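Okay, handing you the structure first.
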Amino acid sequence: MARPVTLFTGQWADLTLETVAEKASAWGFDGLELACWGDHFEVDKALDDDAYLQSRWDILNKYGLKCFAISNHLVGQCVCDNIDARHKDILPKRIWGDGEPEGVRQRAAEEIQNTARAAKRFGVDVVNGFTGSSVWGAFYFFPPTTQAYVQAGYDDFAARWLPILDVYREEGVKFALEVHPTEIAYDLITSQRALDALSGHVSFGFNFDPSHLIHQFIDPVEFIDAFGDRIFHVHVKDSRLQLTGRSSILASHLDFGDSRRGWDFVSPGRGDVRWDPIIRALNRIGYDGPLSIEWEDSGMDREYGAPEALAMVRRQDFRPSEVAFDAAFSSD
Amino acid sequence: MARPVTLFTGQWADLTLETVAEKASAWGFDGLELACWGDHFEVDKALDDDAYLQSRWDILNKYGLKCFAISNHLVGQCVCDNIDARHKDILPKRIWGDGEPEGVRQRAAEEIQNTARAAKRFGVDVVNGFTGSSVWGAFYFFPPTTQAYVQAGYDDFAARWLPILDVYREEGVKFALEVHPTEIAYDLITSQRALDALSGHVSFGFNFDPSHLIHQFIDPVEFIDAFGDRIFHVHVKDSRLQLTGRSSILASHLDFGDSRRGWDFVSPGRGDVRWDPIIRALNRIGYDGPLSIEWEDSGMDREYGAPEALAMVRRQDFRPSEVAFDAAFSSD
Amino acid sequence: MARPVTLFTGQWADLTLETVAEKASAWGFDGLELACWGDHFEVDKALDDDAYLQSRWDILNKYGLKCFAISNHLVGQCVCDNIDARHKDILPKRIWGDGEPEGVRQRAAEEIQNTARAAKRFGVDVVNGFTGSSVWGAFYFFPPTTQAYVQAGYDDFAARWLPILDVYREEGVKFALEVHPTEIAYDLITSQRALDALSGHVSFGFNFDPSHLIHQFIDPVEFIDAFGDRIFHVHVKDSRLQLTGRSSILASHLDFGDSRRGWDFVSPGRGDVRWDPIIRALNRIGYDGPLSIEWEDSGMDREYGAPEALAMVRRQDFRPSEVAFDAAFSSD
Amino acid sequence: MARPVTLFTGQWADLTLETVAEKASAWGFDGLELACWGDHFEVDKALDDDAYLQSRWDILNKYGLKCFAISNHLVGQCVCDNIDARHKDILPKRIWGDGEPEGVRQRAAEEIQNTARAAKRFGVDVVNGFTGSSVWGAFYFFPPTTQAYVQAGYDDFAARWLPILDVYREEGVKFALEVHPTEIAYDLITSQRALDALSGHVSFGFNFDPSHLIHQFIDPVEFIDAFGDRIFHVHVKDSRLQLTGRSSILASHLDFGDSRRGWDFVSPGRGDVRWDPIIRALNRIGYDGPLSIEWEDSGMDREYGAPEALAMVRRQDFRPSEVAFDAAFSSD
Amino acid sequence: MARPVTLFTGQWADLTLETVAEKASAWGFDGLELACWGDHFEVDKALDDDAYLQSRWDILNKYGLKCFAISNHLVGQCVCDNIDARHKDILPKRIWGDGEPEGVRQRAAEEIQNTARAAKRFGVDVVNGFTGSSVWGAFYFFPPTTQAYVQAGYDDFAARWLPILDVYREEGVKFALEVHPTEIAYDLITSQRALDALSGHVSFGFNFDPSHLIHQFIDPVEFIDAFGDRIFHVHVKDSRLQLTGRSSILASHLDFGDSRRGWDFVSPGRGDVRWDPIIRALNRIGYDGPLSIEWEDSGMDREYGAPEALAMVRRQDFRPSEVAFDAAFSSD
Amino acid sequence: MARPVTLFTGQWADLTLETVAEKASAWGFDGLELACWGDHFEVDKALDDDAYLQSRWDILNKYGLKCFAISNHLVGQCVCDNIDARHKDILPKRIWGDGEPEGVRQRAAEEIQNTARAAKRFGVDVVNGFTGSSVWGAFYFFPPTTQAYVQAGYDDFAARWLPILDVYREEGVKFALEVHPTEIAYDLITSQRALDALSGHVSFGFNFDPSHLIHQFIDPVEFIDAFGDRIFHVHVKDSRLQLTGRSSILASHLDFGDSRRGWDFVSPGRGDVRWDPIIRALNRIGYDGPLSIEWEDSGMDREYGAPEALAMVRRQDFRPSEVAFDAAFSSD
């Protein structure tokens, strides 16, 4: 379909946007998916300062790059989470504040609303991100966990996100949750449950990313077939099982990149994701947005890996058939 | 080895001990592993009341049953856990108290010390149980999680359990952690890390239970070979993968028994545990304690399943060889 | 659930009903599923002759056997099929007549209506059987096959069976199609298509038989979960893959029992059907009818195999749980 | 071996030969395998009209393309088939005539003889094609199917094809049946049976095409090893299993390209065919004819896929070794 | 087929024949396959001393046991082997003599001839055993190994065994080589090569034992189908893969029973041999001799395992079908 | 890591060094690993003749090639082996001499010492090679084989190699055994046993070559993780399983390249070795030496294969990551 291929800048936020843009352009990317951290896309400035917005486009334009979506995973995570010390490291000080959990959650919610407004002003209509979850940590049902206990987490999610999503609807922007462990939705069942909790709010959908499904043993194609009309964005990211009989699929509290983990992220094309059936499924649902490479591989130099991943996507992103073969056999 | 086969009473605590004993005896069990909940084995009474202790033995003796271990998973869980509403349901009121987390944890720690004392008085030298963990919920490393953050959880574990274990050492009783998700140790890596945190305290070891390893894709034999000298007790419990490409190995916040889960517990012999290699491994390390059936299968009547499981264990618990085959070929 | 276990007499129709009943009773079966061929259950006599009906019950009663269903696969097959020489061998002369295809089909349809009436008079409310299909032979889409061509077959099916099924409704009897290659429904997709063609006629459902799904690589549990409310009867039959890289899953026009086939029927318990998950699924949908062994294994003496299969079913047909395990952990 | 790589024009017959030739040449193909439908190669004109024959070569020569074989699958299919409405769409009117089955079959047989004569005149010595089969539809042995019934189909095949093949022998042309479900030969067993039915007629052999074996679970290498001296031509075509536990290997009467099918054709290199062992096997039997890409993938634009497939074949078609490694180790 | 089940006494030769007979009889065996070592069956005495022969039968008869074959693996091994120190331990002194290799081989050959004579006198017509091989150790082709080098080993085998086999033919006794690594034949290819080297001598065939094929990844059924008319005897023995990614299929020069080996022998029924297809294959070739359990499992008490294995064989040794199912469907 | 990629000349020794160098340079190799046979690197000349040494470098320099290691597998094999006729073909006459085994072994040992001296003079510090083994042929423990028997082989290895290795230490050269069946070390267990026999001599380590591990079912990554500090050199060579149920993993005494073998060597990238995890493991241990392609594929033209393999290695040899991803997420 000749979909545009973009690079998600989240893993490159230690570099300036200009540096990332220069690299991505040289490698041949069509655009960037801007992370709302580092200096790549700052929501507060974007709301207040037209010049700031223009400066982002100036950089993109200078390198011939497009932008279809911005992403605010880190703040989104804090909307529903039980806040702990780790959240401090991923939030700007103005949102962390004194760290009192409910205050953090409310400021994060406000920022996610502002992210929609900033996206609108910037001229993109998709915000990717996370939602957090107050019940993620209870996924293993011990101590014995009732459905009422779990449902309270989904109700909390709805209570916090419905007002946010109404802002998105007003702005004509969609929020695309990256389905992922630690989020309110991490598989098919919980994605449906999240949708149900929101009564199917029109502004809520998914950033499809197969790397988070592979290590759960979910076929990514099943996700696309189940939620085709809610897939607002696509991440190209890969992961790989490393099961030896001694490693755990739960990863043993080991760092990414530790070879003793039961799975890990790897450069797209080197993992267990089968891309061809995914492209077919995306063709099937008519997805024509960007394929955005979220490059993460703790065992590979990212500047080696990003162009390799781009080449892989270009090889895979084929157009669907426009003829029926039977016609060729006809005697007419 | 003709090891004794016992029934763990934890899943039968809605019945009186006498009822459970009568059933287990009729089915042919050799003994019971008493749960420290329901009326089966009450730690507070056991410490205060010789008549209570005798009453437990009277029941056991009446039905010709032995006892090699008592188990206090529920209270143990609360020693290190971040306490939430679910813990209230598994604790006696005297331990839950006002529910203030640190108070709950300290009362739980004290109860676990008392459990050692009660075990000693009762005449058994193994207490099985859980430890809880303050960092279990952070097993998926997002928000980004440092090893320092994780290690703090292990340090907290050591700080809380070393004093407990010193009581165990004094009493000549061993504490056997059932390696299990939600605990400080749930696989090979974390079991070693827990041991290291305790500097290998002699009173700390494991209640080997393969059902918790199977759905992590760990070969239970690897656990036995790695920790042979720390296996103080053995649970016979089974689990089964139910991976369809749509189900998640993380189980989707679904109840046990829901067929959409990616795995579930099933009656021993009906799951993915291969028992023959486990028996060989137990023979290899010289384990001669009980094989204690922890029967849990949300899809089967427990009174149908328990005797079936017992028969399975009897078929599997073979003696190792005492001759070398080469001797038979000798020309001498 | 302690479901009754019956023996389907179709593969024993070279023996008299009395002989089969005597054997089945001796082996411990609870009842028979009577085939409408041989002398086991003759539809024409059953309609005309009360004494004949009584004679069937007399035999059953003599051997302490029950009957829950009769089966008329052979005549049913001829309702929709493109008739060829093979059909002559499976039909009574009065139905075959001169063999002119449309006449055969119409007489077969009438006989299947009469089978409902006979069942009612006999006192059972399920008739198992086949439907035939005018488009089965076109399952491989060459010459190029349009959906219009296929749909014509489903329309023909509906046209022929709706009047039949109305008779079933009137009689209070259900028709249970054994989903099977060569029939209008042979997998999940075509079962739904058949139901749709009939607009979900209440008297039409399925005789679940996993042996016909295994060699199509369908998980039988998926069928149960998809059509739980339409499963009117269950066959216990088994099949096994025999794939060597040289054999074909299409079986090479070789006889059953030829080891060069890519799959074959085998005695229940010796094939690739996993019975435990099927029993769980049947428990889930609340099926409480008979488990009827259709014994077919071209490599085994049937009198060796039938009691072995019965013992297998008795071991597998467990009751579901009636307690929640969490209750046992409660501190209350 | 640097075998020539050709494109089979059958799936491109909606385009003129000139258009196909231009495209194939631009992509780098060495030649075309001409379909006897569309305007690509018309048997009647080829027999009557030298200028027509020359016009075909003129097009080929203009684009630097070779031709090693022509193919007449559609007419060949009608020689033995039970004729139904679908055959009308694949036949020229002069062969379909009034559609009376036996007349169709006889005219098809005559056309296949003429195809040999046309090939000779055209200067190629291989005609690929299908044979049809009167017993294909009975591959599943219900209604019970005797070997006599099946053998009658093979006898019919021999009776119809032996006279045809004698013409091929006279003309010095070989007929290469594409082994394929719906044909008299579709796997190893039936290929041998077809050969036996023809008493091994020297002019009869096979167009090896692994895509039709993969979904039967046959290792294509086994076919090459079994019939090496009868492989007259090779198709490069690919297929893929899509088994989910809900899909059927029999494909559910669903169209090619429907993701619910249990298997489908895909662009060569994207399916389950392993090409490296096939090239080794072709090297082993000394096959030095063309590798002819039959491109069919209902989910991919054919103009994207054909050059990709060509590149794949070029990468795979390696030369065998001409040295023995031991020589390099010699001390001489 | 209700074949007799015997116990091979080779692994019990540290016990007297009387002791073994008493045990085997108590466990329910039908007979013994006597090893020609220990005191079970001494060839020299058997040739010289009628009373000795009678004493063997007296013991067998006393315990109601039959005998169908004797076995002389240890001496047979020395006929072709490159003799080293290990052979001394498996030979009587009279055969080992001074240990000069060629003398050992010749005395072993003479003893194997005598074994035929002793078998005849004893009244059995099958001698099981090994042949040894001068080229076994060169199975891995480094240093570079020519087919001439290998063939010299097969020629040596033929030169040594043809005279032996002529004695077998004269005596009306068959020699059944247990196909096994370390022997001249250890798989399908080498079994055929051995037969070819002997020009198919009528007295040479095989003692089928699947345990030696499993760890070579050979399907035992393939062996039966390939050499059905040469299978003179059957061993029931089992083996199991223990591949962990760290263990080697070549077993690392580790003792049997060491869990670090890549494979090991286990009690029949506990390994990777699938017995049902083997029984079907034996039924197919019409084998009606004994199923002789060669019990070897370094991790299990042999007195626990032997009766378990016997029960397994009894469950598996079913009769083939004597009816065709189609008959039951006939309308006649 | 941009490791240099070299070509091992051992399989090209039928060509002159100049010819090999010219080809390798044209294909883009960075260097050569010189075999000590053919005219590539002659140890005796290298010790005696400075001009000879210079001539080797002249050729290398002319083609811009580096050299990091020389290899003397053939002579090394004869240090411990039981010498037979095959060894004559791999030795220079001056070492074979009269072929008396002990004399051959001693002359081989001396030559291997000289190889260290020659390497030093040549300016490389790694000698790759084989060791031979007196007990390799006894890997299958029949006749019954004691650990004492095996250990004698390891003691013999130590006795012969410790003096050799002392020379290596003196010269500052390392000996890298290519772990390989037929050698004293062929898997993880025996590699450790060999190291133990040498008391961990500092000059002894391994030439890691995954192709010899694959057909033993060993994960090559496990070898790297176990012996990281002893990996002195790396061979890039590939092998593939060819298991059909009829082939043997022991390869049936068939030549390399025979398709009936259970495994075979194939051009790197076409076998079962997974290179990506190996590169990660080599990065993990910090290996920065050459990746040396040992090209061997009996079914492919070597001049086709060598550049293909080089391209594969270039694609795989990626640099490890130098940033932590968490840094990019930081809010600082």
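Read from first to last, the chains carry the letters A, B, C, D, E and F; within each, the first residue is number 1.
In this section, contacts are C-beta pairs under 8 Å (C-beta built on N, C-alpha and C of every residue); 3 or more make two chains touch, one makes a residue touch a chain.
Bear in mind the structure is a predicted one, so any value in this text is a computation, not a measurement.
Participant: Select the chain at the greatest separation from chain C, using centres from the mean of Cα atoms.
Facilitator: F
Participant: Tell me whether chain B and chain E, two copies of the same sequence, contact each other through the same residue numbers or different ones, using over half shared as the line for same.
Facilitator: Mostly different residues.
Participant: Can you spot which of B-D, A-E or A-B is a repeat of the E-F interface, where more than half the contact pairs line up?
Facilitator: Checked against E-F: the matching pair is A-B.
Participant: Could you please state the distance in Å, as a whole number, between where the Cα atoms of chain D are centred and where those of chain F are centred?
Facilitator: The answer is 46 Å.
Participant: Could you tell me which residues belong to chain C and also touch two or more other chains?
Facilitator: In chain C, the residues touching two or more other chains are 74, 89-90, 143-144, 219, 222, 244-245, 256, 325, 329.
Participant: Enumerate the contact residues on chain E facing chain B in the complex.
Facilitator: It comes out as residues 10-14, 37-38, 74, 88-93, 96, 244, 256-257, 259, 266, 270, 296-302, 304-305.
Participant: Using the touch definition up top, name the residues of chain E that touch chain F in the complex.
Facilitator: 74, 77, 81, 84-87, 89-90, 135-145, 147, 149-150, 180-182, 186-190, 193, 215-219, 222, 226, 243, 245-256, 260, 262
Participant: Provide the residue numbers of chain A that touch chain D in the complex, in ascending order.
Facilitator: Residue list for chain A touching chain D: 219, 221-222, 225, 276, 280-281, 283-284, 318-325, 327-332.
Participant: Under the touch definition given earlier, write down the residues of chain A that touch chain E in their complex.
Facilitator: Residue positions touching the partner: 244-245.
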